[in-house]
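Same chain, two partners: subunit A is paired with subunit B first, then with subunit C.
Showing the complex of A and B:
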């Protein structure tokens, strides 16, 4: 089942984590107390030029040195430290969360058009596929993912999420069927600037995963959500598609609809389906993805999972439930249900 | 040793209480099994091929047929098959010919793969209520799109797409030439392809005028004999297929005996009446992958880059690397023909012992193309041994874009898989050119039967997809997660990249 929520302030006005914690707890009926998480953008202004790597170590003494060495081989660790946590009675701390602020050495991948991003992607894939007691859970600039096994309130209190401030937040309340109890399996999933929260199950996972693998992305989290982050990274960052067109590839119109379009539209949509057929995501899902400049929500082609959007001033809300939006912003001015496959996009101004 | 020393393969018997001496069987059996003998029918079982024509036509259900009525002393190593082959070769000193597909005792991998269905966490989709998309495009696809973004809804497609074949169902009818099969049979298949929105192959036999009305549904074949190939032929087809090899007989050519080359066949093949049509093993202008690349280009140039060009190879040990080479040429699709593929006639030793099964070939070709990052740029067609809709679903889940069906389409027209196509006396009017026999096959009726089969499989395929929570064929393609192997060994599971049941 799972409950998802996201909020963006287009004027980049910051919000602390109090409201989203409450909104997520509003949807406890959709969770099982075995996983929750938050992504926040704008939380590390003092290191805005560094990649903030959030890492789960199984054991700091045993597993950390290898990651340190690898990072130093590819760049410079500007700052690092434990992510502060506060013991909760019902939450067993099975990982030690750590953060690095990292600057990759561009010259080491100078042939690439985006050397820094490619180095960090490479490192994330490398560390996560090695299975050596370290898991990178977020890797963007000036943002971070905080997640664990537990109810949303417990996870929030464990990290004191209310102490972080940002202009864009995502939250996820999990009802796991795949990897219960595993912190890595909780959402949001992240790669570079992209974070994803997802409610549903992707029946085309095998196809998507094999497609993305031939572009060097390796799915390591044993769940279907990470493939969404990689697909979007490929389509938007590497192939340069406008976000709306990327969603068109992931949840395209039916052929009947395409056949009925005008010449220009039809050509475009046919080309997208032909070229990106293996990226099409099937099965029931509602997804909210974000990067530092925008947040976007969309569902599968026949809307088998709920998704509601709401607006209040500069803020756009997207969630599984209207109640959660109202919990965050009782004065919400407008709410609506986006159509199947139709993205709702909010961008920061300027 | 006399001919009579091997026992007959079949015993035909007539129930005299039922028989009303109508002599229908005498008319129907082209092999001369029946004869009227005074007030009773006499039977020469030795001539029988088990084609079932007499049984299907007898108005009184009076005819019975038994296989292997005479036992040999059983022996696990010296089977009936090997003993009889030796008798045959001792007598003739020749290569043994056989029809239809591989009859070796190999497990069918398809039968050891099971499909997935949804329960609770993801809902199944009901194809009766929700759209189910099976439309498939075969041809080259770009590796990425370039879209110019003018802001807002103003986006413009910059990439030009190359022509693709648009199939309404991922099933096509395989190449069977006029010559190998009758014109009525080919006509029925062509009409069925047109009616179901798919395509069929011409085989290496040229394109008969009677098929011209369906030419936009035909994939014209260019094989090593180049029979029937001219610019008119190439331009008429919807696509062109270069045949390098065939699953039933990898590595060897083809041979249409002169007796089958009647006036009409001679015209479409462009060879003299009564001459043997021999297709050599290799194309005499293809001795390397570069040569193939040039042929693909020449065909493309000749047809002004308007037609997709397919390349068909037999499934052999190294198919994956060969397919990767083909994908690098301008070819639009690679067709892989597994060792169960049917044929009119092939040396038995090839039919039963050379090549690999289509399941393994598709899996390894798909994987190799993915490793090289070129899978989605070229289409992959599986052929050879597809017997039912579940096989289609499994072939697609293993990585195929579409499949070719050959034998199944013939069976829909009455073929009983008797395996005697090479005699040219097919009692069902399929693998024959004898007029009285071809007249038995009515294209109006049989085209409908074939179309029904394609439609039925298409419906079953949509049900299978719906149950798996998938509403578009793209999401089944290469989705090996939705397959599990049942009693397959670890080695095969690794090649297929499929988990065992329960995992």
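Showing the complex of A and C:
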């Protein structure tokens, strides 16, 4: 059981973190105080062209130099510094959060169609699999993930999430069930522009992570949601599937439903299921995924976790509970329950 | 004794709220009005007696769980599982409700004006004179009446289109009946469920419940009863006997 919420302003109007902090705290019954986190898009406009790498160091003196050297080998650190934190009575600062604004050197992977993204992905996988006291928790442009072990209000106050501004926010209130709670296991999970929050459990994790490993993605955070971020990156960024089709691969219709479709739809859905069999996610889940231009929510195909959507002007909200949406936006004009396995998508205009 | 007590639930935790509700009921109030409710869970759980709760706002999960006697009237939507394992009383929702409405319900009535989510009436059961009733004005999603062991579900589909368009109706049903206004495609029936004939006896059986439903929502009971109903029940009383035993 976990609580999730996301909001996108299609007109890119910015919101600070005050309201999402309240909405997450509204769902404290869904958490256990062992993990909470936020993703915010649009928070680093002054470094919009750099990859913002958020890193958890075990300790800065010992572990940081190796990461510095590796980054300088692959590009240029434009700016760096500690992520400001503020002591909270019940939150132990186990890691030192640091951020780099990084520009990769395109010429070092000139064979790739997207050299910068591929260099950054390579660096994230390299640092996270080395287990040398450093963990990259977010790596997108003009966005960042802020997370820790604690209740949502504590984690928000620890980072002063209220002071960050962005047009798209995700939040997560964690109740770890299958692995111990730790800072790296808190949501959102991120790679490049993709961030994911999730309620449920991916029982096909073993199959999924074996599949994704053959494409160079390594799961290192001891929890299932990480694999979702990598699956989406593979399917949408690398294989070029539209987001809706990616959801068809992850939460496909049943075979009897595919059999009842018209010929064209049937062929398409059969091809997706056959091609991406090992990407199919089993088990109960409600997920919200975001990238810099869109936010998308979907559940498993038999709807074993709750998901509610709401709209107010330019804003689309997706959450585990309607009350959390109303806590964030009391004037919400319309709320509805998306159908199992069918994505709800909000995109920025233009 | 008697009278109405108002409670402002704004920013109040559910534990404190339920304590106040219990103390109001114990003091002999006949009506308790809760204003600014926003997602507080477990409202009226385990509450006994005949008190009437008016809930203004969004009722949180498990409204009226184990409740035995009181009436809850919600002016707004309800989150998951209102009427969970409820024993007696009435829940009236002037809005929609989430998944697993009337989950494992044992007695009383849950009346929802608009739509319900997935697994409505999952594992409802009955015992002698205890027959739980779930009635839905709008539409219901997949796995309606899953593992149903007793009781009555009625879905009117007033939201437009067919009342139920999703799979697994009565999956694993082994008792009770589901009435859906209008036709239901055969492919939507779950394993162990089958369509049964609807005659005068059946219409007569559901008529008093339909009248009560209509009176709560200012609807015309005759109109609600006028359409054709599809009745769905168990194919046998032990549809999975051979799966779990070697007799």
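Worth pointing out:
The rule is simple: the second predicted complex is superposed on the first by the 346 of 350 C-alpha atoms of A that agree within 3 Å, B and C clash if a C-alpha of one lies under 4 Å from a C-alpha of the other, contacts with A are read in each partner's own complex, and residues count from 1 in each chain.
Here is the rule we go by: a contact is a pair of C-beta atoms (placed from the backbone, for glycine too) under 8 Å apart; a residue touches a chain by one contact, two chains touch by 3 or more.
Worth saying up front: this structure is predicted, and the values here are computed from it rather than measured.
With both structures placed on the common chain, the touch criterion links A:337 to subunit C but leaves subunit B unconnected. Legend: residue contacts after superposition of the two complexes on their common chain; A:90 is shown touching neither subunit B nor subunit C.
Counted by residues of subunit A touched, the larger count belongs to B, out of subunit B and subunit C.
Of the two partner chains placed around the shared chain by superposition, subunit B is the only one that A:274 touches, whereas subunit C remains out of contact.
Legend: residue contacts after superposition of the two complexes on their common chain; A:242 is shown touching subunit B, with no touch to subunit C. In the superposition on chain A, A:18 makes contact with neither subunit B nor subunit C.
By the document's definition of touching, of the two partners only subunit C reaches A:321; subunit B does not.
When the shared chain is aligned, subunit B comes close enough to touch A:283, but subunit C does not. Of the two partner chains, neither subunit B nor subunit C is touched by A:129. In the superposed model, A:82 makes contact with neither subunit B nor subunit C.
Once both structures are placed on chain A, subunit A residues 254, 256, 302 are touched by subunit B and, in the other complex, by subunit C. Those residues of subunit B that touch subunit A in the complex are listed here as 118, 121-123, 125, 130-131, 133, 135, 137, 141-147, 149, 155-157, 159, 161, 164, 370-373, 375-376, 397, 468-472, 474-482. The part of subunit A that touches subunit B in the complex is made up of residues 177, 200-201, 203-207, 209-211, 213-215, 238-242, 244-245, 254-256, 264, 267-268, 270-278, 280-284, 301-302, 304. Within the complex formed with subunit A, the residues of subunit C that make contact are 14, 38-39, 41, 58, 60-61, 77, 79-80, 96, 98-99, 115, 117-119, 141-143, 166-168, 187.
The touching residues of subunit A, counted against subunit C in their complex, run 26, 29, 254, 256-257, 260, 302-303, 306, 308, 321-324, 326-327, 335, 337, 339-340.
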